[in-house]
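Across the two complexes that follow, subunit A remains constant while its partner is subunit B and subsequently subunit C.
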Partner chain A sequence: MSRIVVVTSGKGGVGKTTCSANLGMALARLGRKVVLLDADFGLRNLDLLLGLENRVVYTALEVIAGECRLEQALVRDKRQTNLALLAAPQTRNKNAVTSDQMRQLVESLSQLFDYVLVDCPAGIEQGFQNAVAGANEAVIISTPEMAAVRDADRVVGLLEANRVSKMGLIVNRIRPGMVRANDMMSVQDMLEILSIPLLGVIPEDEQVIVSTNRGEPLVLADRPSLAGVAFAHAAQRLEGKEVEYVDLDGGDESFFERLVRFLRGSRA
Partner chain B sequence: MIAELLERLFRGSGQGSREQAKQRLKLILAHDRSDLTPQMMEEIRREILAVVSRYVELDNQGLEFSLETDRQTTALIANLPIRRVRGEVLASTLTGPAAPTTENS
Partner chain C sequence: MQSDSSVPTFLADSPVETLGPVPQVTLKSEQNRLLLVLPEAEAKPDDPAWAELLQQLEQRLKGGERFWRSEVPVYLCAGERLLDVRQLQDLAESLAHYRLRLRWVGTRRKPTALAAVNAGYSVEQLAPSENLNGAAKPDDSPHQAEPLYLQMTVRSGVEVRHPGTVVILGDLNPGGEVVADGDILVWGRLRGRAHAGASGNAHAVILSLQMAPALLRISECLARVPEEGFLGEYHPEVAYIAAEPGGGIHIAQAADFLRQELPRMERERTVARQNGSPTLAALWSALDRMDGRQPKTSGGQA
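Now for the complex of A and B:
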């Protein structure tokens, strides 16, 4: 029984595609057969993040229209052969296909792979409806910002209405220093508000931009950055393994913060 | 003591925007989740006040209406400070004729 997981957030720019690429690659490295389906019709980017843009010939649209076979449209990753990409069309928009067509597409992909990861477009319109159509699980991405959390909450409600009940939260782009200074919501704050189980905590990381420039997901690095490690851990949790959360504090802690922490600790 | 002193010394007031974000979000999400429009909330408020005021005199300054919610339930929290209880006679004369219409609606 393969798992069909939609990666979604409501708000744009919180890191859906980055998370999809890294989760997909990490799961493939764990030995799972994974297909990443870019459901962001008209604004495709997943191929870029994976560095596969030059190998895309057919897209999901041609498969749906019956203009090519599914196998022809799948782009196998040469670095990690367990991973394949089904790209989104760039010329058409989100109304080019129906939810039923997407459901069928996802269904046929699930015959070939252990995981179908659907990278959802921003928004809650037709594109969202299409992306969640065949899914039975969801990974919700949110940053610790008010607008992102509000939109994530809306999406959680819509997913429940679509009978997608298994959900996990990835808190993306957290800045531990700001949380300590009480100027950013903590992971605990967000869990309290959204009340869905936690799947991963990804720190803000400049390497994300570098990895996009190169077309190499963070988890592929020989010595992955903290964010890369955090993505790999999130993938393991998705697999049902219990992984300790990496201590994100410490890294950017100032002398006085350490002193305060030390004095606090000695009191307790 | 020393820790707090140091914290205050090197971080200004120490009161960041985090708690503000959390509280504002909780409030806005309670409304988002309940699908209650501000108009409906206002109507509920007016009607509850009208009913309660038949029996007791309320302190208008201290009235509070808010929605609280978690994933499972949404609750309407009303805080209605009572100034004094109205007389028995007044209550019965007011509720008497009004009761059938409210039950029917």
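Now for the complex of A and C:
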């Protein structure tokens, strides 16, 4: 039984597409057959992040319209052959298809793959309804800001009403130094509001920009950055494995700060 | 200037009736059956309002799941609402997911009755009311409705309205709202908006295990949390409208409230009953409350 997981957040710009690309790639590296479905019709990005832009010939819309076979529209990743992409059309918008059509599309993808990861557009309108149609699980992405958490909370409520009961949270772009200084919400604060299980905590990382520009997900790097490792761990947790959380504190803390903390700790 | 009386078309065409409070789906236990009352508004199958109604029904069913025996037959009170076969199917399917069985449909509209017959439900066709939009509103009744008990997190974007007391076993999150004609009891964290005594009962109270609301309202009073936020220990607390001369919404620890404020409110009610009419002082305080000044909020502890 394959798993159909929608990656969603409500708010835009929190890293849905980045998380989709990295989770998909990480799951593929764990030996799972994964398809990434870009449900952001009219604003497609996932192909760029995966570096597959030039290989997209057909999109999900042509498959739904019956203008091509599903196999023709799937773009296999050459670096990781377990991974395939079904791109979104760039020329149409979210109202071009119905929820039922999306449900059928996702259903036929689930026959071919272990995981169908659906990259959901921002918002809670038709595009969201289409993306969640057919999904039985969800990964909620939120950054540690009140606005993102509130939108994520709204989305969790809507998913519950759509009977998507299995949900996990990925906290993206956290800055441990700021959390310590009480300038940023902590993961604990976010979990208190959202009350769904935690899948991963991704630290803020400049490498994300580099990887996006290159079309190479972080998890592919030879020596992945802290964020890359965190994504790989989140994928393992999605698989049901227990993985220790990486200590993010080293990341943005200066030597001096660490020394101060060490001295304080030893005195207490 | 040709015409100065022209109404801007965007105003004339805007669907005013869809604004205002979110229409509420109601579930009521009645002897051996469950009543499902739909709000009095029309929605077509592809209308987003219908999807929202289904979502709300889903939340209510989930929130009260523990209280219904399985296979309880359901009576659908459709009232003036037009429903087609597909909408009836949607409702039956939602109910069936919680092991409830749609059996009867009560309607004032012939097309709905026909659809229900076609779908195989027992139909009770009620006489069409004389005045289509003058149908008796439930809140016209002098008695409050039974308490509404929901086991759920009231998340952002969810609005729960009830013409009686509301009990939430779970959190009331930022962006969520509960409006009750009676009391509001949140057995969890209250971080959203709560309005108790919404139809004017100044003796209504709001109780919560952790009081950190975005906005509290009781009757016509309202209170915000202090700007600087609150960093301390939380205790179960009660928000109520304080005695004169201070007035406004106060917050007390639950234990103190039970010892001091509850007996005081009880005495006030007795006095009001004996006088048969509001006292002059009560009238003044009501005016005071309406003049829009910000009532002060006091935290439970310093």
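One rule holds in what follows: the second predicted complex is superposed on the first by the 255 of 268 C-alpha atoms of A that agree within 3 Å, B and C clash if a C-alpha of one lies under 4 Å from a C-alpha of the other, contacts with A are read in each partner's own complex, and residues count from 1 in each chain.
The rule is simple: a residue touches a chain if its C-beta (ideal position, glycine included) is under 8 Å from a C-beta of that chain, and two chains touch if they have at least 3 such contacts.
Keep in mind that this is a model prediction, so the values were computed, not measured.
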{"item": "First, second, both or neither for A:R163, with subunit B first and subunit C second", "value": "second"}
{"item": "Subunit B versus subunit C as contact partner of A:D189, first or second or both or neither", "value": "first"}
{"item": "Touching partner for A:Q129 - first (subunit B), second (subunit C), both, neither", "value": "second"}
{"item": "Superposition-derived comparison: subunit B or subunit C, residues of subunit A touched", "value": "B"}
{"item": "Which of subunit B and subunit C A:V179 touches, first, second, both or neither", "value": "first"}
{"item": "First (subunit B), second (subunit C), both or neither touched by A:M1", "value": "neither"}
{"item": "Which superposed partner A:R150 touches (first subunit B, second subunit C, both, neither)", "value": "both"}
{"item": "Subunit B and subunit C footprints on subunit A, overlapping residues", "value": "146, 150, 153-154, 156-157, 192-193, 195"}
{"item": "Residues on subunit A engaged by subunit C in the complex (per definition of touch)", "value": "129, 146, 150-151, 153-154, 156-158, 160-163, 192-193, 195"}
{"item": "Touch list for subunit B against partner subunit A, complex", "value": "2-3, 6-7, 10-11, 14-19, 21-22, 24-26, 28-29, 32-33, 70-71"}
{"item": "Complex interface listing, subunit A residues touching subunit B", "value": "146, 149-150, 153-154, 156-157, 179, 181-186, 189, 192-196, 256, 259-260, 263-264, 267"}
{"item": "Subunit A-touching residues of subunit C, taken from the complex the two chains share", "value": "51, 54-56, 58-59, 62, 97, 153, 155-158, 171, 173-175, 189, 191"}
